[in-house]
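We call the chains A, B, C and D, going by the order they appear; numbering starts again at 1 in every chain.
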Amino acid sequence: MTDLRFCLFGAGEMATIHAMNLISDARVKIAYVVDPSAERAAALALATGAQVVDTDTAFADPTIDAYVIASPPRTHADYLDRAAQTRAYVFCEKPIDHDMGRIQACMAALKGREGFVQLGFNRRFDAQFVALKQAITAGRIGSVEQVLIISRDAEAPPVEGFIQSSGLLKETAVHDFDLIRWLLEDEVAEVYVMADALINPEYLTVGQIDTTTTAIRMAKGTHVTVLNSLRAAYGYDQRIEVLGTLGQASVGNVPESLVILSTVDGIRGEKPLHNYHQRYAQAYRTEILAFAETVATGGMVTPDATDGLRASAIAEAAILSMTTKAPVAL
Amino acid sequence: MTDLRFCLFGAGEMATIHAMNLISDARVKIAYVVDPSAERAAALALATGAQVVDTDTAFADPTIDAYVIASPPRTHADYLDRAAQTRAYVFCEKPIDHDMGRIQACMAALKGREGFVQLGFNRRFDAQFVALKQAITAGRIGSVEQVLIISRDAEAPPVEGFIQSSGLLKETAVHDFDLIRWLLEDEVAEVYVMADALINPEYLTVGQIDTTTTAIRMAKGTHVTVLNSLRAAYGYDQRIEVLGTLGQASVGNVPESLVILSTVDGIRGEKPLHNYHQRYAQAYRTEILAFAETVATGGMVTPDATDGLRASAIAEAAILSMTTKAPVAL
Amino acid sequence: MTDLRFCLFGAGEMATIHAMNLISDARVKIAYVVDPSAERAAALALATGAQVVDTDTAFADPTIDAYVIASPPRTHADYLDRAAQTRAYVFCEKPIDHDMGRIQACMAALKGREGFVQLGFNRRFDAQFVALKQAITAGRIGSVEQVLIISRDAEAPPVEGFIQSSGLLKETAVHDFDLIRWLLEDEVAEVYVMADALINPEYLTVGQIDTTTTAIRMAKGTHVTVLNSLRAAYGYDQRIEVLGTLGQASVGNVPESLVILSTVDGIRGEKPLHNYHQRYAQAYRTEILAFAETVATGGMVTPDATDGLRASAIAEAAILSMTTKAPVAL
Amino acid sequence: MTDLRFCLFGAGEMATIHAMNLISDARVKIAYVVDPSAERAAALALATGAQVVDTDTAFADPTIDAYVIASPPRTHADYLDRAAQTRAYVFCEKPIDHDMGRIQACMAALKGREGFVQLGFNRRFDAQFVALKQAITAGRIGSVEQVLIISRDAEAPPVEGFIQSSGLLKETAVHDFDLIRWLLEDEVAEVYVMADALINPEYLTVGQIDTTTTAIRMAKGTHVTVLNSLRAAYGYDQRIEVLGTLGQASVGNVPESLVILSTVDGIRGEKPLHNYHQRYAQAYRTEILAFAETVATGGMVTPDATDGLRASAIAEAAILSMTTKAPVAL
């Protein structure tokens, strides 16, 4: 049994999810945890049998097979730059960075190693979306003409909690932008965004919006609509519909349970799973275990750094469209 | 355009439904209305352009093409006996009578004319059930093995309103007994009934029950379960499932509208249409217009008097099973 | 019983639907049919008990209570101009005209009588959409934020059959533009259209497109997306979703029947009703009977000529957006 | 961290499922595997780090905390008898035995320790059924009146593979009999079974049937219907409906994915998960981890040996009803 030595940057929520999923693979040994909070690092190290080290130690050890970057977004690019100097695989939470210039600098550093850096687009590993893509790839709906993605959070954050955010388009819609590239195996040619603060107009005071309607034309001509919102009272709303020449394939929400209550108030089904933790728990697991498998067996990862670049470029164009109130070509 | 002269016995709710549907067929002329209540008869005659007459006059007129018997059940057999002496078609609400002996006497009087007497089993004309039967007949599910019929009223009557009733099995389940004969094109071989007053134990004081579970074995071996109840809080529950060698065909309830409300309380659809008036409005119309068409063009009606006899015989066996607490063969 | 004298322009498919629905109202007398095809006019006159007359005779008769204009679109404005000179009610199929200048001239002629001219936006009378609007109006979903309308034909016409058409936006999407004004009780502020010929690129040779994605911002800020297409293999696709502060209200397609077939091939429900005749049969009936009721009782119609103008103005802006590839303000 | 020492009887499919689930609990150490097949035992011992021993060694070791009996049914009672002499917890696959006399002898041996023997009624641990029970217990549907359980295998076994089976009622329906006791917190008062070989009449040659319709009256009066069948072309059919005074709670099948394909052939959803491995994978895991938790923390297990006795007694009565063609009281 190969022993795969992993180093984890970050010891917060996302890092913990990845760590716990990783250790269920008997081949994986989490060697190091790196985090500015000594307390948090120690806790995760204890839970995983890892050692707390500093960044330099982490990158100096040539026996590390894989770096997992699950620290805050602003730290991703720096870690990637250093990881680029090693021969190790990298798993990096999206985005590479919030700034396109910084992303491009990072891509330059990674040149030739893009295929060894897996980006954290977890939805590609969701069983429902995988089944949807299989239906499309198998030709069940013919050539794709019109796509709809609905992606809404259940609960909008308070204004103060939103100040540091890179916003709805870069934080949330970027997942949808990656999804359509993957689902359609095509690139975005043009994007138009209509954006407003309809849920909470105060978001505008911190430069944020909460509701977007995005119209995309793909290189092959396919129309894509992405509806994003920071709030859906009924829960985390994650749906996709794909119309093709032979019909439509769609995936609806995953309910909390299948119990149906029929009463004087109507026929009531359960709400969708409430947040990304619940909805994508299994996708996170499949994603990181697929990464571990690639580390074990060799070859290229997917989605890779270039996919990260492309999704960020679409988000960047979307923001430009929002600002200029005009469609933006990519 | 043929002029079809109809005579209507009864001027209550059911008679009015039939009359209003009939006059939408331009060939139909409602000539006579017969009802012990002069006031009610006059109202329906006014609405339909008919004349109020007595029973003797009604049966003495050789120009009448069709008698429609929509008066109370206890009057059906007498009217049928007299109609049997004419050459006219007859539409008779179910049942022929609540007493099997009386039904058999009536069948004797009708001998040779059974196929000219249509019984009011409206559900055979429901578009959903017709589509279900077509799927079965077309072989979509292969040979039928196990059938489930759920038939529940929305609201249970008060005890006093239930004294005169012939009961859940003869009033309600008799429709289901007819449905399975029609759907499966097979006869009932054996019936077992479990019956209780679970909704309102006071029903027992007037000899009534409100909840029945009926297990039937058909002549060809098919298992049928009929679940009846006098109350379903969510409305009139009318469903059928048919399992065959190749799969299952089923029909669920028809909702009041297709509006789905997704809120913090769940994903809520509308309740089923609330009662037989609403659920079967179109079936009543199709049923009586099919009768009028047969009157116009000749030939035999369906379901006919023999179907009425058979359904009542099953109900009779069901009651015997309930009483003897044992399966009853037919 | 009031006798309402109607005059019908047109004797084609739509005129026949209106005529047949109208004569089920016992108060309505179809006095005249006007159509350039003598044969077609005679047939409809025979079926309705009407007299075939020419346009001048039709407009010269002061006893006419209502004109119903169900002739080809290019004739609507001329008939409206002449009807404007009478005291009669008018029902006019949409659109008033395909040219905005002509529509405005017509509106000038109708000045003061706009509320007596009902426009044929039948979907406002569909029971599903009425129930949806009731849910919104009753406050079930709070303030509306984001709306989705999907409106797709089942089968795309041949290129030659599309030459004379005013196109997907003016013919089909105009219904959706009216629907959102009615549903949201708000006006369109801005429209952006992405339009292509994805189903059949040859449509471009006759200046037509077949797939549109339309993003609309309403005056109150609400986002609306309208997805139109000339073909959906599974049938006529007519759906609406409305997201509000308290949740979402939606209406899906009406299936041909409720039969569900569960086989080795999956769990299969019936396709949606296949075209507007089937899907909106009852809405056409409710629409024209509502018009007859207004004619009988007095008062203003709805939707009226101004609604026709507004919907056409949105379609005009949509076409401008398509051409200029930029959002267009109204 | 407590170290819990487990001994496993059996090394087949079910034993392997339990073993793999158990070792994901870090407290559990599988000390011994006992199986007549040395090869099979060795394989499972290797996978779990256990030692292969014989029965006497297994029962002689006083450090064993729990015995898991997942060997063939005919061996259960003997192992239970011996385990009854120890102080260890026991997990035993259902049934205790196929013979009621043997079950009762075993219960006598277990006297006073019934609550330390967990029976393998995995469905009690299924998330859907747990949610259903919670809805009932929370009073969402009021007092229960009428229950329906549908439980059908996807594929019927060949006749030869069915010779040794204890049959549809003791193998399959026994799960449903346990479910209703648990769901309703009530005992069965009376059972009536209609049983036939409709799928494959040759089953009769080995004393087996393949289709049963079971009507049960509970002690509190509730009606229960259980529909069992050895074949459903669309897959493993596992549904429950519970009607109460305030409405109905139901759980349908779990589909393979949520993908909906809308094509010219209809609106198609995925089939249910195909067999008990797939459908109840998580329930098996939850069940055995709940057992491990009880072993770790002390207290009584549930469902226990008495539940095993009761479910078998219902199955026994069901078989008597099938044979005598009459309802059987318990």
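Note that contacts are C-beta pairs under 8 Å (C-beta built on N, C-alpha and C of every residue); 3 or more make two chains touch, one makes a residue touch a chain.
In this text, all values refer to a predicted model and were calculated from it rather than measured experimentally.
Counting every residue number used by either copy at the subunit B-subunit C contact, over half are found in both chains.
Using the mean of the Cα atoms as each chain's centre, the chain most removed from subunit D is C.
In terms of C-beta pairs in contact, the better-connected of the chain pairs A-B and A-C is A-C. If you average the Cα atoms of subunit A and of subunit C, the two centres end up 43 Å apart. Averaged C-alpha coordinates put the centre of subunit B at 40 Å from the centre of subunit C.
Computed from the mean C-alpha positions, the centre of subunit A lies at a distance of 59 Å from the centre of subunit B.
Chain contacts: subunit B has residues 232-234, 246-248, 261-264, 270 touching two or more partner chains. Residues 232-234, 255, 261-271 of subunit B are the ones touching subunit A in the complex.
Across the complex, subunit C is touched by residues 24, 127-128, 131-132, 135, 140-141, 246-252, 254, 256-264, 270 of subunit B. Put simply, subunit C touches subunit A in their complex at residues 142, 145-146, 148, 150, 152, 190, 192, 194, 196, 198-199, 211-213, 215, 217, 221-223, 225, 227, 229, 231-234, 237, 243, 245-248, 325-327.
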